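Below, chain A partners chain B and then partners chain C, in two separate complexes.
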Partner chain A sequence: MPKDHGIGASPKRREDVRFLTGAGNYTDDINVQGQAYVHFLRSDVAHGKINNIDTAAAAAMPGVVRIFTGADFEGVGGIPCGWQVTDKHGEPMKEPAHPVLAQGKARHVGDPIAAVVADSLEEARNAAEAIELDIEELPAVVDMKAALEGGATKVHDDLDDNLCYDWQFGSPADETDAVFANAAHVTTLELINNRLVANPMEPRVAVGDYSRANDESKLYTTSQNPHVIRLLMGAFVLGIPEHKLTVIAPDVGGGFGTKIFHYAEEAFCTFAAKACNRPVKWTSTRSEAFMSDAHGRDHVSKIELALDADNNFIGLRTDTYANMGAYLSTFASSVPTWLHGTLMAGNYKTPNVTVNVKAVFTNTVPVDAYRGAGRPEATYQLERVIDKAAREVGVDPIALRRQNFITQFPYATPVAVEYDTGDYEATMAKMEELMDLPGFAARRAASEANGKLRGFGVNCFIEACGIAPSNLVGQLGARAGLYDAATVRVNATGSISVMVGAHSHGQGHETVFPQVVAEMLGIDESMVDIVHGDTSKIPFGMGTYGSRSLAVCGSAMVRATEKIINKAKKIAAHLLEASEGDIELKDGQFSIAGTDKSVAWGDVTLAAYVPHNYPLEDIEPGLEETAFYDPANFTYPAGAYACEVEVDPDTGKVTVEKFVSADDFGNVVNPMIVEGQVHGGIAQGIGQALLENCAYDENGQLLSASYMDYAMPRADDLPHMENYTVDHSCQTPCTHNPLGVKGCGEAGAIGSPPTIVNAVIDALQSGGHNVEHIDMPVSPSRVWEAMQG
Partner chain B sequence: MYSFDVENPETVADAVAALGQDEAQALGGGQTLIPTLKQRLAAPSVLVSLSGIAEIKGVSADGGAVVIGGGTTHGTVANEAGAYGALAALAGNIGDPAVRNRGTIGGSLANNDPSACYPAAALGSGATISTNTRSIAADDYFQGMFETALDEGEIITSVSFPIPEAANYQKFEQPASRFALVGVFVAKYADGVRVAVTGASEEGVFRWSEAEAALSSNFSAEALNGLSVSADGMISDLHGSGAYRAHLIGVLTKRAVAAAS
Partner chain C sequence: MTEVTMVVNGKSVTKSVKGNTLMSEFLREELRLTGTHVGCDTSQCGACVVHVNGEAVKSCTMFAAEANGSEVKTIEGMENPDGSLGVIQQAFQDHHGLQCGFCTPGMVMSAAALLKDNPKPTEAEIRDYLEGNICRCTGYHNIVKAIMAASGQDVTSIAAE
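Up next, the complex of A and B:
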């Protein structure tokens, strides 16, 4: 019988009560007395030389408080990048300046050039229209390969060219080349991982506030990681010491990675609040979000897979161009390298893997982590080329994968990481069972009778989550530690507030974290709340991304709770006049082992705060403990996904008829929430595979700048529930964190795109169409064009 | 948006008078105009709302025609135009419930978006568009993308759709907006078949006369075999080339004929 409380139970999400009844407190709900509003004048050209900005007429407009331009930020730091990649020659990546407001040049459509602070948003917008901007449009570079050609326009004039870095990783290239030279078969595939816009339901918002009385700054912002923002903005941009700067990320309506990064608008509002001595608020419009939220993916890759005569994978070689956009966003440089190259081995024991990545500046919006971040790019290449190889050598795609699976753990890959646990055969077998493979032939025949082509697609994936061991990532260029922290504050009557560094913006931490603490203490979950999102209340944690919250912050919480239990046992021993070693904690009762003598949790906590009968000579009063947890390794969730699609050969439209995910997330705390995460991830992955496409024209104008042209996945783009199964029953617990958890937030978005594309190709091949590849999104028109040959 | 005044006339006469003011703009359901205003792409000084005018609302069936008031919402047409099933079905598949609850047939036809559904129904049915001053045949009304025969300040009061023997509308949705990437309306009348295509042409909604001729002599999908539309002048964008749209016209016309009832 399923548990009804604690670890393994599925209580409904307690935060949903406020979210679903309109009682949430989002950043835009926050209005500070006397606040002014900012409107950013953004570049409408992709590349332009700013000759002059005349703000005189605009400054005289009604309601205007002050107009800022790049000149106001000359003494201020630029937006920093949090990860320094070293290229294959040992040189640091190129790291161009990223001013808060453009200085000298605008480098992408949407680049903020000036900012008007006014009493009302209406007045700010009116005045922005009166700014006389003399901008000389320059040729734009959009295509990455063209951007690297000699004589290409430079995005940054002070750099030699548009190359951020040329990185190589994994097995020595000459060794891998030698393997290829002797291969029985080599399969090659060129593909594009399409550029995406994250589109969280809540757009970005920032409210800057400044107290002249205390010289204190406060920023309310839509962030996944308020301490990261405090660190980056305080230390690198504005020079505000931590004790004078509070960053608050209240309820946040979805992040998907795009709210990890420190943005110019946050620094602006904080800076302007002090400069104007008035709170300053900015709320992004959806149009602004399309041209200022960091985009995702945008890799152009060539991948080659070498097989021996027995179809064993013997070598893998990749060449990727990764678009950085016009500036380096916070973690942009790490995504195509350490989050991508390290996963290129996938679930397979390929002995030689060499990864090449060129990161390129273009006149487009900066590109950074988006749900999965690097790992979807790796999985997509690998699983597409394996599918193509299976077809070329005439082997079943499941069998070819199975034959090459890693089966012994721990396993050190040729790309630097060591998988601690896994059982890829188990997830594959579970997928096969749930897909009803024997019934496929009949389903295909039924589709064909209906004039449709039916295809089957399979995909395996592995990801590195629980980011990340600080000493390791430090060696790899991270400019921050990636531990997390929790403080467990037990109140006098036994209720508990847990202050956590992780931030919940859809993940359900407010439900899941208390399940863990309540289980450990044997008390009711309703006695435990978490506090998150406010640097003045929580310990220095690094926030939520990379499926890390439970694996890293949850582990810190476990450690802090263990400290609580240790201290509480000392108090209980005193109250029971027993030896500490004899005290057991079960179901919220401290008892002397082997006796019926016990004290309740609440008696112990009360004693800690009303220490009348208390061992004050040995231990301090109070019951509050903090732990920082730095993971020993990444975690490695993995799985096998499969789907069936139908293709309408007359229109090219693809429909997903059946979808199965078999994941191994290690231990699972709340199965309902895990399933919800996977459902959401798969929806985003299907969105990427079939619908979403952030497109620029050759002049750097954004073609998909609104929902009229940017297609988001909707409920009716997904399979009906009875044909849609997410399973996480295969569980190989993580060996190095106390909960044995691996992380589930990104799996769906990583595992689903190649599954869909593999199925579409299979469908077309079944209809006699010799189509080897279609780039995502596999839209009706692209499918139809491919079928025309 | 910029600031503006709003007037809420209750009669067509008052609305016409209000529209005589400088920089006045009629507001139907606002499904196109309000987003345009929000983006500051238009700056009327007065919005004259037509949604309070009872005399231009409602659906009636009269002498072999369904007559729909210009201020009637898509939702109402979907629910009440059962005498012309293909038309009701088309209305019921425009946008989403929020759009159908606000958007009006008069607003749609006055805007004449090249990807809108209603122009295909009006042209495909040989409808008559009546305004406060005159009646205009659909064949004369649509004059290119966002262009119509309407004069400044003229208000669509009703649209009369002759009820066909059989009809059907096939919409292939643009994946993002879910407007018609291509939409084909086929209607069979005693004196011939009409085929109107939306979403495809740079000139807006148009009649596919070759298909009409073929279907008028043989109302079956097979009658369309061998017929095709040239890709010249078809819209080519992120969502499909002109050739793809031209191809879809053939596919959808066959499907509409097969489904016509």
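Up next, the complex of A and C:
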């Protein structure tokens, strides 16, 4: 029998009721009395010198409150980058200024140049059209390699060139080169990890509010991490001390990374609310989102794998160009380095791994973390080159992976991380079982009888979640800690509010977190509520990204609950006139071990707040505890994914006919929610592999600027239910956090793209087409062209 | 400004609106029925789907004035008279057919329109019908499953939960 409550159960989500009845409270649902609306005038050229902005006529238009330009933000801080990367020469990365509104130059299509605040949105828009902008279009750099050539147009005039950093990591390059020189076989692959747009269905919104009475600012925003926004915006941009600034992220309609970052529009609304002494609201349109939300991926890589005569992996070299866009977004610099280079060993015991990354400025929207962030890029390179190597040396791709698996844990990789635990053989075996490999030949024959080519693709992955510990990431350049925090507030009648630093924007924390606390205390889940998303209510936590919520914030919650139990036992011992060491807590009852004497949870909590019969000399009244948890290591979820695709040779169209994921997430608190996370991640990964592409033309014009041109996966693009299994039954619990959990939010997006591409190549090879690689998205036209040789 | 009168979730409302006020704007800002969401500006995402005279309509593509005299239903009108979740809403909760909830109102309204015309749709028919509704969170799997369950079809045997 599956459990019906507590850890391991799948209770229905409590947040669903409000979302299913239209009672959710998303940022755009918030209107503050007297609010004005802002419309941003954005650059329509990729690179332009702003000669003059004449706002006189616009300012005289009806309803206009005030028009802001870059000049209004001189002396105000720029949007900061949260991670300082040091290049291979020991020099800090180049960190150009990122003003709230463009100053002197616009550097990408969508760069905000001016902002009109007006009584209504329509009036703001109309006035923006009346602004006379004299902007001189300059040549734009879009292609990364071209951007690094001598004489290339510079995105930032005050920098020497467009190179943000040149980073090298892992085994010393000369040692790896020596290994390659002696290799029996070297497989080389050049590939592009396509630029994506995260596209949470809720566009970003910011509402700034200011109270003159107490000089306090408040920002409602669509954020995954309100405290991070408060810190970055308050301390680095606007100079507002924390006690005068509240950031609230209410219900948020999906994030996928792109709502981690501190954006100019947030700073603008907060600044303008004070400057105009009036609340200021901005709601992004989808078109604006395409040109102002940080994009994801966009790596161009060359990877080389060296094998010995027995097909053991002996060396790996990669060279990646990573697009930063025009400015450094909050965590942009960390994605191709510490979130990518550190994962390059994958699931394999390759002894020499050297990673090179050049980060490049271009006249495009800033690029930052998107679901998986660096880890999908690493996995894609590695798992594609392994597949190619298997074909070149003539061995089965599953066998080649198996032979090279890491099997002993803990395992220190050549790229600085130590995997605490894992069992890659187990997930591989589970995948094989669920894929019904013996039936593949018959399924391929059936496809061929229908005039289609069928291919099988496999890959393995490892990811690092819950990035930590803070002192280590500080050495690596992080400008923030990566702990999280929880306060468990027990009320007099025994009900509990848990204030958490993690933010829920689809992950179901309001359901899952109470499962843990209720199980620890032996009380009903309905007695526990979660509070999140409001810096005035919660402890300083770092929010939700990198699959960290349960592993990091959940651990803080466990620690705080342990403190509650310790104190409650002291109170119970007093009430029972026993010694504390003899008190046991089970099913919400504190009893003296070996006796039938007990007091209930509610008796103890009442005594804590009505301390008449209470050991006041020894302990304080009340029952509320806070814990900050800073993990000792990352967690390392891993898995084996496989799929079968059909390729229509007449059109090049690829359909996913069968898909299996076998994940190891460690312990699982709520299987229903874990599976939902994997479904969502796989859909985004299949989207990347087959459909999605954020494209610019050579002048830096964004070609895919709406859902007409950017292909979002629809229900019809994904495998049907009977041929689709997500499994998480292989569980090697994390060894260093109290729940033994690893994180599941990004796995699907990491594991699926190489699976699909490997399968497409296999299908084409089976049809006699000697195609080694097709860049994503593997669209019908690309497949068809590849088939023509 | 023109005066519009319509019955929204069983209640008659009369308001004066500008000719260019979109139905989605009217519902959200004038009636404060904020369950209807706006996820795009090209009529692709379906977060804004409501029923007008029983038909599923993208409320971002219609002017409020065009709905004058109509019967309108939004997500706020989908629960049972006793306040419990309606069959489709309940199936979405039972089968984890939503995560962030942003696409959900449109999904539920589209599903209701589908089931009215096709009470026992196949999986392929559901996937096809949802062409105009984008969800970024769920991968659709559990949405499709919820709609099948809401139509009374047995989904317990479906693998992958």
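Observations on the structure shown:
Everything that follows uses one rule, which is that the second predicted complex is superposed on the first by the 789 of 789 C-alpha atoms of A that agree within 3 Å, B and C clash if a C-alpha of one lies under 4 Å from a C-alpha of the other, contacts with A are read in each partner's own complex, and residues count from 1 in each chain.
Simple rule for what comes next: a residue touches a chain if its C-beta (ideal position, glycine included) is under 8 Å from a C-beta of that chain, and two chains touch if they have at least 3 such contacts.
None of the values given here were measured: they were computed from a predicted structure.
Touch criterion met: A:R125 reaches chain B, while chain C stays clear of it. By the touch criterion stated above, A:R286 is placed in contact with chain C alone, chain B being left untouched. When the shared chain is aligned, chain C comes close enough to touch A:G254, but chain B does not. In the superposition on chain A, contact of A:G508 is made with chain C only, not with chain B. In the superposed model, A:W784 lies in contact with chain B only, and not with chain C.
Of the two partner chains placed around the shared chain by superposition, chain B and chain C are both touched by A:M708.
Judged by the number of chain A residues each one touches, C leads among chain B and chain C. When the shared chain is aligned, chain B comes close enough to touch A:T651, but chain C does not. In the superposition on chain A, contact is made by A:L691 with chain B only, not with chain C. The residues of chain A shared by its contacts with chain B and with chain C are 287, 707-708, 712. Put simply, chain B touches chain A in their complex at residues 3, 39-40, 172, 175-177, 181, 238-241, 244, 247-248, 251. Those residues of chain C whose C-beta lies close enough to touch chain A in the complex are 28-29, 33-42, 44-45, 47, 74-76, 78-79, 85, 89, 92-94, 96, 98-105, 108, 123-124, 126-128, 130-131, 133-145, 158-161. On chain A, the positions that touch chain C within their shared complex are 12-13, 15-24, 26, 28-29, 31, 199-203, 251-254, 256, 285-287, 505-508, 671-673, 675-677, 679-684, 706-708, 712-716, 718, 720-722, 724-726, 748. Listing the residues of chain A that touch chain B in their complex gives 122, 125, 129, 287, 650-653, 690-691, 693, 695, 703-704, 707-712, 777, 779-781, 784-785.
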